[in-house]
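Two complexes are shown next, each including chain A; its partner changes from chain B in the first to chain C in the second.
Right, the complex of A and B next:
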């Protein structure tokens, strides 16, 4: 890969090779700023009979070329680079999740400490973590070995012990992995990559354990050198290297594709994480991003510059829809539906969606049910994320007498909805909802943001492309992220506490592009239209016991932005409570849907 | 444009079908190219490395790990029987020796001086791969497996549980719309592949299990019946490894739904014929559907008229609606409008017009239909 001066990059071509679709975008330097100008897509061609990922790439890029009037693919079938006035691009970059993405197994000594850190490193690098093996995971050694044998990961990350700490425990973990002889997913002649990122004192012993052959041992710095600190970058970088050198090299056509790109190919979720971190850092904000797919839901968060990612493996809207209903339970799903439905029929519908995952809701009732399932899938995925994104466990804390009544153990979640500035949605059920009001309502109901939070959606699932672009040209990535990637739905102002129904919850006063004042009662929702480019200052005076960011009953003043939906004032309280009695619940939910005009007739519906 | 691509489930009177039979690890292939095999023939076999069992002798002997090796009565590579002494401390003046017996049978694989842990590897586990489908071996991959080919009638199901099996086809229902209930299953269906009509009840499946049927196939199944059968609520459609003693396949979907008449007629036409079935379903990238394979003694001469290209949605084609409000209904394509249509849900999507046998017509999203492939 040749070094390219960011200043010289004017035409950027990026693709994301997904399991089913390869999506390409073109970014050009127009009137002094970077803008996404064209997009194209084509079926991914990694599986037989094509078995060459570059065919799908060329097809999607050719589509862009035709739309842009710019020749991007040469007669030799390769992407033309560098760019001239009429053809080619200055840099071509790509991400990939084809073939099921990157699948890893991780191991550590203590489940809540080094194993949790190892899991964080693997997830942050964009992998799916198939299992976490730890000395204290409650399984007997031979059960652990059997499990390792049954899995077919692309690589294994082993951690354990702080530097200078225990060696025998981490070697013991390695001694479970080695005789299990785990088989890789691809290629019988492929040596299973093992990344060791544990106690540096144990490196020699670990090398001896994996000496026998069949393994490709790579040693990096300890990811938990001391209990108080994680050092995940060396392990993450090594995961990316192995992903490129081993995993991608096994996938059909990737060797060719790697020769075309101007930056290393990244796993798709890893790239999404990178762009969210870049934006959070450049704008100094806390961000949560969610990508809800057919099989899985990824949640990303950046709070005070600490990044976390979780993958809820079986929470999704098609392949995993039945699992969402089983985990959430049908009554919890149905509480979001304001009319009666036959439960037996619904259960069969859910299973039919599971076995025919590409179908779409034809009626409004079917759409409402599917969006009810989505609320539960998102709620459960966010709950899992909050439980995982914690301060480090096992850290000794100094306490004073004053802490006696507020003792907190290590491992408190760092996800704080009150400090959340931006919530970004992507994935079919959110991005393709017929009305953006539905997307906004789904986000608010599932994530329960508190205080003042901007809501946005990824317009055409561009975040992966921008993530890898951020590694070569952060400025271009940030500009496109803000101007073209995100569609701002608006801002929600949500009260925390338990407001009394129909009694004052908070007063508000808007000034700027929107001038309005009023009062929100407990249990009420109100929508104020504010155009996407509108900005206003809101002054909120909460009732006693109600918090909007400065503490219970304390006045706040903040800037809010408009969007395709507008400004949403939410007096329902947090945590959000729905009536238990079915008829009352239906009436309440119908009231909320009406207040936000969620299912009103749309003049120009979204295409599916 | 009058064509569009929509995949459908394959139901055909004849196709040349190939199936790959592969060992999980390298082994011996027992057949040669050109051999004729039956479903039960072993075509390849190997031995998987035995189970691994660790024993922490450092703990059991109360010795530092590095001292364990000096107490070993067996060295690496030695066979060991269950309850045979594996290690012994030196004791005090030769007295008070502490002896540890092996809890496992196998071979001593490693003795770790770092952890004091000993790994006992159990006896190799034999694995045999059977032909599964009667036919001719058309290719052999040394140490890996072989490919078998046959002229077959073939039905792709929509969902199944349980793995590969085979048996003779026996009909339990008189029509494709008849519910499969336990009273239709008799003792003489042992080892057979039972064909039902519409929804099969859990009582019918349990009855088939109890008479020892190889498989049971029908149009639909109720979600709660499946839950009762499996003992858990299936979250994702990745199946095939259930240990039910019977393979269950549905051809249409969940709920009160009849088997497609054409599928039923075709299966009825092969009453008494040997068939291979597999319920394994994987609905993810690289989708896998359950299959019913009926090897043919001779290739039918009256081949179906292939008026349409595979996967092409064209006017006149037969299709099945696979989502409400017309779920399960079979009709004929009468129109393929090019412009997207606003659905009742408010979404805009590409649609088609379909005419049902009753004469009723409907507008349905193209994503919500499935071609009935011939």
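Right, the complex of A and C next:
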């Protein structure tokens, strides 16, 4: 791959090869800025009978070419590069999650320390972590070996011990993996890649353990050289390298596709993480992104430039919908539904959705139920994310006598809803909700943002493409992300605390593109329409004990942006509490839905 | 002060009696009574009398004729004679005091100065019948005739101290609350105990030691196993040992007492067995250093410097060595978790350690770590007891303030009720005399003209 000067890049072609669909977008430099101009999609052709991923790529790119009036695929079936006025692109980039994406197993000495760091490295690189093996995971060695043998990961990441720390325990972990001889998913002649990112003094012993053959041992810097610091980049980079060299090389057609791309192919979730990190860094904001799928829900967060990603493997809207109902419990799901529903009928509905994942709700009641399930799936996934995205454990603390009564343990979550600036949604149930008000309401109910938070959705699931683009042209990626990728739903202003029902919660005054003032009572929601391009300054004076970002009872002033929904003022308090009694709960939820006009008769074309 | 001087003079009189002949020149006290002090175990008798006519104020500079009263006792049951120091052999079989009572030979069982009309004899035996007599005393060697108590008295032991009934009520309430919480916890009820950072961090500290390939050091204090703090420390040691067994970390326990060493060995061995790791237990890692405070401190410091443990626990009773140990471990970069009930050492531990269990937290560790319903219920019940005590304190302070700053009769009565009945030994019924005093005081104040007004 030759390095291209970003200034010379004017036409960018990007594809995301998913398990079922290959999505392509065209980004062009128009009127001094980068804009996404066309999109096309075609079925992915990684499976038999085609067994060549490039066929789907060419099909989707051809569609874009026809729409754009630009010839992108040459007579030889390759993508034309570099661009001229009428044909080709300056750079072609791609992501891939075809064939289940990148699947890894990680291991470390202590589950909450080096093993957790290894998991963070693997998830951050865009993989699915199939299991975490640790010395204290409560399993006997023979159980661990059996588990490793049963799994068929694409690669294994082994960490453990600080530099100069334990050697015995790391070698013990390696000695579990070596005799288990895990088989890779692809290719019989494929040597299982092992990335060792642990105590540097154990490298020789680790090499001896894997010396027998059948493994491709790669050694990188320790991802936890001292317990006080993580060094995940070398491990993540090595995962990407092996993903390209081994995993992708085994998948049909990827060797050809790799020859076409101007930047390394990235796993789709890894690319989503990269674009969120880039945007957070360039705009100096904290971001949370969510992608809710049929089987899994991915949550990404960037707080104070620390990136975390979690995959909730059993929380989804079709294959995993039964698990969501089981884990959240039906009463918790039904609390979001403002009318009585027959539980038996609902269970049938859930099972139907599980075995027919592509069906969509046909009635308003079915839609409301499905969105109630989505709220719980998102809530649980976010809860798991908060538990995973923590400060490092095992770190020495510095105290003063003033800390006598305020000692806190390590491993506290770094996810702080009050500091969250932007919440981005993607995934069918969020992106394709009939009204964007529903998407906004789902996000607010599930994530419970506090203070002032902008809400947006990924219009056409463009974030993976932009993630790869960020690695070659961050500025273009940010511009397209802000202007075309995100559809801003608006801004929500949410009070933290326990406001008294019907008593003043906070006063607000808007000035700028929208001029309005008023008061929000405890338990109330209010929607103020603001056009997508509108900007206004809001001054909020909270009641005593209510916090909107500056501390309880303290006035704040912030700029808010409009959106397809508008400005949402939320006086329900945090944490969000619904009445226990069913009838009261229904009445309360109906009041909230009415306040935001969530399920009103269609007034606008269905969002895409 | 006046009474004290009188008492000294009376004692002086008693002393001089031994060398000089007594003269009967003073008027005796009258109406002498003796009665069993109620609500005790039968070891006290209250003797009261009406003051002698010679017990009166004198002009300044003039000598006082009557300086005090001497109290005499005789065992009426056996008639063994006067039960006083230097007992006289006078009419041994006679019940009662002889007419020719010899003040020189008989020591009184007690004496009080002039102006006083009560004496509590605290050296009697339950079930024995006594007769009391009182004589006025003055200088030089002046006495009054003996004034005998009108009735004999037999002190008795009482099983219930009615005066402390409130104590019983509060104790029963707390006990019932504890039983209720234990019952609730045993039935699967959730008893929430707030997170204690120091105990939550045990796994973190042992994990750090495992990752760094270094040992865990546990210091169980410098007192013996009979100290409650050492026992609490051993409870925490069980949990640390369990975690160390799970993580396969090396645990070292130097002790300052041989019995603590034995207890610690058994505790750690049980923890390793419980985790299915008996092979990993090494009793040589739990060893005795010395009973000497600073010898022990130096020994532990040596272990720290040589072996550089990654996690240090200090759980027990500590004195001056606390800061020495904590600073040494801090210098080697160890995570430190301390727990002690020694208030003077807590600031040092808080400043130098990562986590510190403070007083009650330390003793709650056992319930917190074991999640045993009985212990959790007991913990919760004790908390309720503390809440009751705190509420009483607040209410008492408010009432005391109101009683002083206002004329509210209810506050004044409630204040004396709390101090005398609930916290004192007046029983359930308020003292009628004190209530009457309050009423009289309030009536007097009501009759006084208001100040500050008047014609200008």
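Everything below uses one rule, namely that the second predicted complex is superposed on the first by the 604 of 608 C-alpha atoms of A that agree within 3 Å, B and C clash if a C-alpha of one lies under 4 Å from a C-alpha of the other, contacts with A are read in each partner's own complex, and residues count from 1 in each chain.
Here, contacts are C-beta pairs under 8 Å (C-beta built on N, C-alpha and C of every residue); 3 or more make two chains touch, one makes a residue touch a chain.
Only a predicted model underlies this, so the values are computations on that prediction, with no experimental measurement involved.
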item: Touching partner for A:238 - first (chain B), second (chain C), both, neither; value: neither
item: Which superposed partner A:136 touches (first chain B, second chain C, both, neither); value: second
item: First, second, both or neither for A:165, with chain B first and chain C second; value: second
item: Touched partner set for A:335, first chain B, second chain C, both or neither; value: neither
item: Partner chain in contact with A:366 - chain B first, chain C second, else both or neither; value: first
item: First, second, both or neither for A:70, with chain B first and chain C second; value: neither
item: Residues of chain A touched, compared between chain B and chain C (which is higher); value: B
item: Partner chain(s) touched by A:473 [first = chain B, second = chain C, both, neither]; value: neither
item: Chain B versus chain C as contact partner of A:574, first or second or both or neither; value: neither
item: Interface residues of chain A shared between complexes with chain B and chain C; value: 167-168
item: Chain B-facing residues of chain A, complex; value: 19-20, 47, 99-100, 141-142, 145-146, 149, 167-168, 171-172, 175-176, 179-181, 183, 188, 202, 205, 208-209, 295, 314, 319-320, 322-323, 326-327, 344-345, 347-364, 366-367, 432, 434-435, 599, 601-602, 605-608
item: Chain C partner contacts - residues on chain A that touch it in the complex; value: 109-110, 112-114, 135-136, 138, 160-162, 164-169, 224, 227, 393-394, 396-397, 399-401, 403-405, 407-411
item: Residues of chain C defined as touching chain A within the complex; value: 195, 197-198, 200-201, 203-205, 207-208, 210-214, 246-248, 333-335, 346-347, 350-356, 358
item: Interfacial residue positions of chain B with respect to chain A in the complex; value: 25-26, 49, 51-54, 65, 109-110, 112, 114-117, 119, 121, 158-159, 222-224, 226, 233-237, 253-255, 281, 283-286, 322-325, 327, 340, 342-349, 364-365, 367-368, 370
